[in-house]
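Labels run A, B, C, D and E following the written order; every chain starts at residue 1.
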């Protein structure tokens, strides 16, 4: 009994309960949701949001935002694709370059936030706009159109596809490699948060940067590191998009930064920082992915799509809050 | 008396337009307790924030082990063995008690990418150190924000004492504490002194100060108005100096009740 | 390594042309483009080519929000341009701004949308197709191929033009069903389509309203092992290849390049020579079908981003 | 000297300096920006963002977010338009009904936030989705298309247009009435914040809701009131849109909630609440309006539009921060 | 002795799983000072939070003027004339000093839609009340977060005293205060008592308590272990009870220094 209550008191318990409620709900109302194939599709969809959301969640626990996390996925893919297309070099070279580029953007975000004292919301909003503009402007300049060119024939494409965008099919179920990566990243993030010194620092810089600094936590390095983690994961999803779809639309990716934040908050992360955990964020992404696809599986009127989405989200958050309150009231 | 561990000469500090410290001298010797006393807003906290690296001083010089320093972060001070209990920056409310206790000085096992914290050990030590101060928390995993004011203060003190290597700075540590806990803290201070640490002790309680202090500095509006060794000043003088009159006795008379 | 850029034909797709602004005219070109859309990229390419050919200074700007588009028209009037070419997809919302332009003596030409209202608003000419009509022609064609239950994929919530296309399809094939997807995220489009195809096995055609969405539809169709056929509005190089490969049955092309080119040219001629193209009636640039019968001819042009 | 420094220390001084810098910049680079007509267009554009931004700024000072502020403008217009069109009643009736509707939405937002303890970010995200879906769904249902019908012939339209969407032309300059309303609302908000008891409460509930409650500030009523102010101003802009454009696109308004937040933050409002002021927010809206139109006047490549916007925003915020720091260092 | 203003009978309070108070009785009479003493974490703050309406009690009964009450917000307590100085919820850091002083009880002129605050007057009063306590702030417009810990505490005390109508509750008001300011606060308490207010005074300082207290309640782990009127208990007994031994004297012996 005590053990179950302890379990219930964990921050992700509420999110998990909400996920189960919504899952059962869709099982009940949407016949075509009741298949392994559908579940795999939901998992895939959740993983493409969830990978970056894990990073965004860490960053939010650390007390900062990153609004550039959505477009950077496309920037990452474009850098890789266009560099290799223009110079005809191996895709691995482009991927490495793109990684460097993304880490540099993350570093710049963090450095500007820490150095100027401007809130991260504004700094990364700036980066968001700049990247969005540059994606379009540079792509147009390089390829002459607003989408990147087909790079599937360039050396290294196939091996990279195996890493970032392969899938295995077993019967009706198609498991995308991104799902595995997602679980891995969430696991590493959870491990870091709970069990390592850096995790301790992340909670501290988000909970009270002043106190953290006073006891000698390297606040600046921790926060810059978090920004770089987010842009690393953004790069990762960018690679997936590139190697799955070959070409990228330069205008895409906008709006996803919001989904990451939603996933994190639905998963119990505090917007003001200092509270949350990785599995909660992963479950948050799963709730979002499941809800948005579940509505389609249920075949509800698409004109009302957003309305359903809103109601389901509120429901998820309500269940989450309720369960957590329940457990706080009873555990010990 | 040995060479001073920390020596301040003519230190001043301004917060933008507001000048909080003028030209203060202070020495912290090994095995000595230096008490800093003064009215509210006199600049005591500001003084120790300079020593602990939280705010750099704007004029004067700060020497540690004879070498001129200007800390840009508390980490640098900590690395020189200067541990501090702050008046208002003590803890991160949402974090567990044990995490707060070890924050910034976590015990780890293993090498970098796989280094993990020795959590069981950390919880045990945190619990044990708090018990030593007479604080028994229901659950060492509870967020520190749910502890009472005094309990929180005890965590900060226990931490500083545990990690204090050479210099221990305490800003009104006993303010929120009960009689018993205050006694424990005073004993800690005495023990630290006897172990050869230099201690800076800020308090509003002249009795407490006189019990352990070797050296007394009184600040008034940011400037030092008294700087005397224990032998040169009595408790009564100290109290008088602090309050500008023997307040308590006078008050007791004034309120007209038998004590 | 293979693939990569074709180095010989890399630069200068248009060629020729006059010095920019040598005619002395400045034309503002205003659309409701959502930044980064391949369709509008071609409209703009056409407009720029025309500007180059005729020595007109072109000022392109865009905003998908009707109120803000009206603001752009107003700022063009403020900047005292010689002519304005604008899309009129939300005619009521733009009426005020267009009137203020004509009142200030700036000639206005409509394109792409607003075929029924352009004259009422005071625009001189119109180049484009009729979205509903285009939808109808797709509908008729797939109905002829036996479509019972097509899926019309709207990739931008609440867009008047996209809704009109789907309405057109529906008027020809009553079994048409709409689906909303997040067009800014390929993986979201793919999975949503995949889910829909799994949910409703009776879907026999997928009608996408933009070329990039059709590519995602191909992916989704494979994933869901659905027999549905794919047809699409608009064209790009990738889709042209897919048509050739038979993965997309046909595309309906409203020749965006022509819309851009003609809108600028007509203003140029009007300003210079008082011409009126279309003789008081809209000039239709589409719909024209691109399928396996004519793809070989069109494919090279898609590579130059002119079709 | 002292006087100027005091003035510089006001929170909006930085925002004002930033606005002047950007204004001068565009005067220099964009010839067509140098006309009264252009200035009036900028003012108009800023006013349509600025009116709601004033409310959002107040709400943010009070420590909460409202993500539904963008779509509610369209909902407001749609309710008025479709109700009157469907039942053929006087537009004033519809406008009043729409006002009631918006106030109810605001109340609901606030009530849910205070009652359930769910962060306002999530609650209003839910409302945002629901309204967005309902806008589309209901409009399709009522009019059969995704835009409302022309209502300019219905009684009361003209008088309402005078109130919400008239303009006066003097020479080349066209002053829209929304600009006056904007100034008025910003003025009232500023007056309320600085000089009234309610203003005191707004700062307090945003700065530390616990302390405010402890000294007897009616936290719940204050916050709910703020949500209702935002939805009132959203209604107001919705009325403007309806009476200026006759018809409304049901899918519009999305994304504007972000612009309001940007305007507020650029104007010096703290994202975490408790700090900011109304004139700062108004200037923030002006900076945003001026920048986005200035780029158009300058005729820069629209593919790079967002990149320019990002850089200008960062510039504005940097100047703002710099000036404020300067004044904090010198004033006394 | 008059009828009690506030009377608690068997009051208990749990924070979720944590039980902070068991079955506590307390009476606050007009013209009386009730001192609540006890170790850190004993439940003193919790007790006063119940009286001031911040957290409703979970068992027992609370009567004000004989009528059973269960406050759901501090406003209700304030409206009954109960003003409180909290240990940790004192002020809104980003707001100006004078705004903090008058928060929740602003002075207004005019009728509702046009009612504006009498700012000049409020600033004057705030400044004057702080000066009475010996606190001179550089600028009454400065954010209260930039004041020293003790200065902030003084603002909260001055406010409660200024607005305290019938019952004044003070949670460790003198903890962060200097000798002089503590004296002022004790005088305030005496003055409030003489003016017929009921005062609840929480402190760790038995001297302070004994100077002004009429009635003493000692809490231990959430339960009352002593409840005696002034006549029934001496200062020494009180100190002993609080600390479980005459700590200070013993400590002084132990630390082995002449006082």
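The rule we apply is simple: a contact is a pair of C-beta atoms (placed from the backbone, for glycine too) under 8 Å apart; a residue touches a chain by one contact, two chains touch by 3 or more.
These numbers were taken from a predicted model, which means no experiment stands behind them.
Seen from the Cα centre of chain D, the chain whose own Cα centre is farthest off is B. Greatest Cα centroid separation from chain E: this falls to C.
Each chain gets one centre point, the mean of its Cα atoms, and the points for chain B and chain C are 71 Å apart.
In this assembly, the C-alpha centroid of chain A lies 43 Å from the C-alpha centroid of chain B. Chain C and chain D have centres, each the mean of its CA atoms, that are 33 Å apart.
Multi-chain contact residues of chain B (touching two or more other chains): 138.
Of all residues in chain D, those that touch two or more other chains are 132, 136, 270, 301, 303, 305-306.
Multi-chain contact residues of chain C, defined as those touching 2 or more other chains: 35, 157.
Those residues of chain A lying in contact with chain B across their complex are 191, 195-197, 200-201, 203-204, 207-208, 210-218, 270, 274-275, 332. Interface of chain B with chain E (complex): residues 15, 18, 38-42, 45, 87-88, 134-135, 137-138, 142, 146-151, 153-154, 172, 175-183, 186-187, 190, 204, 206-207, 210-212, 235, 239, 242-244, 247-248, 250-252, 254-255, 257, 259. Within the complex formed with chain A, the chain C residues making contact are 1-5, 13, 34-38, 41, 154, 157, 178-180, 182, 184-188, 191-192, 194-196, 198-200, 212, 215-216, 219, 223, 236-238, 305.
Those residues of chain B lying in contact with chain A across their complex are 52, 54, 73-75, 78-79, 84, 86, 89-95, 99, 102-106, 108, 115-117, 119, 138-139, 159. Interface residues of chain D facing chain A in the complex, by the touch rule stated above, are 116-119, 121-123, 125-134, 136-137, 140, 262, 265-266, 270-272, 301, 303-311, 313-314, 317-318, 321.
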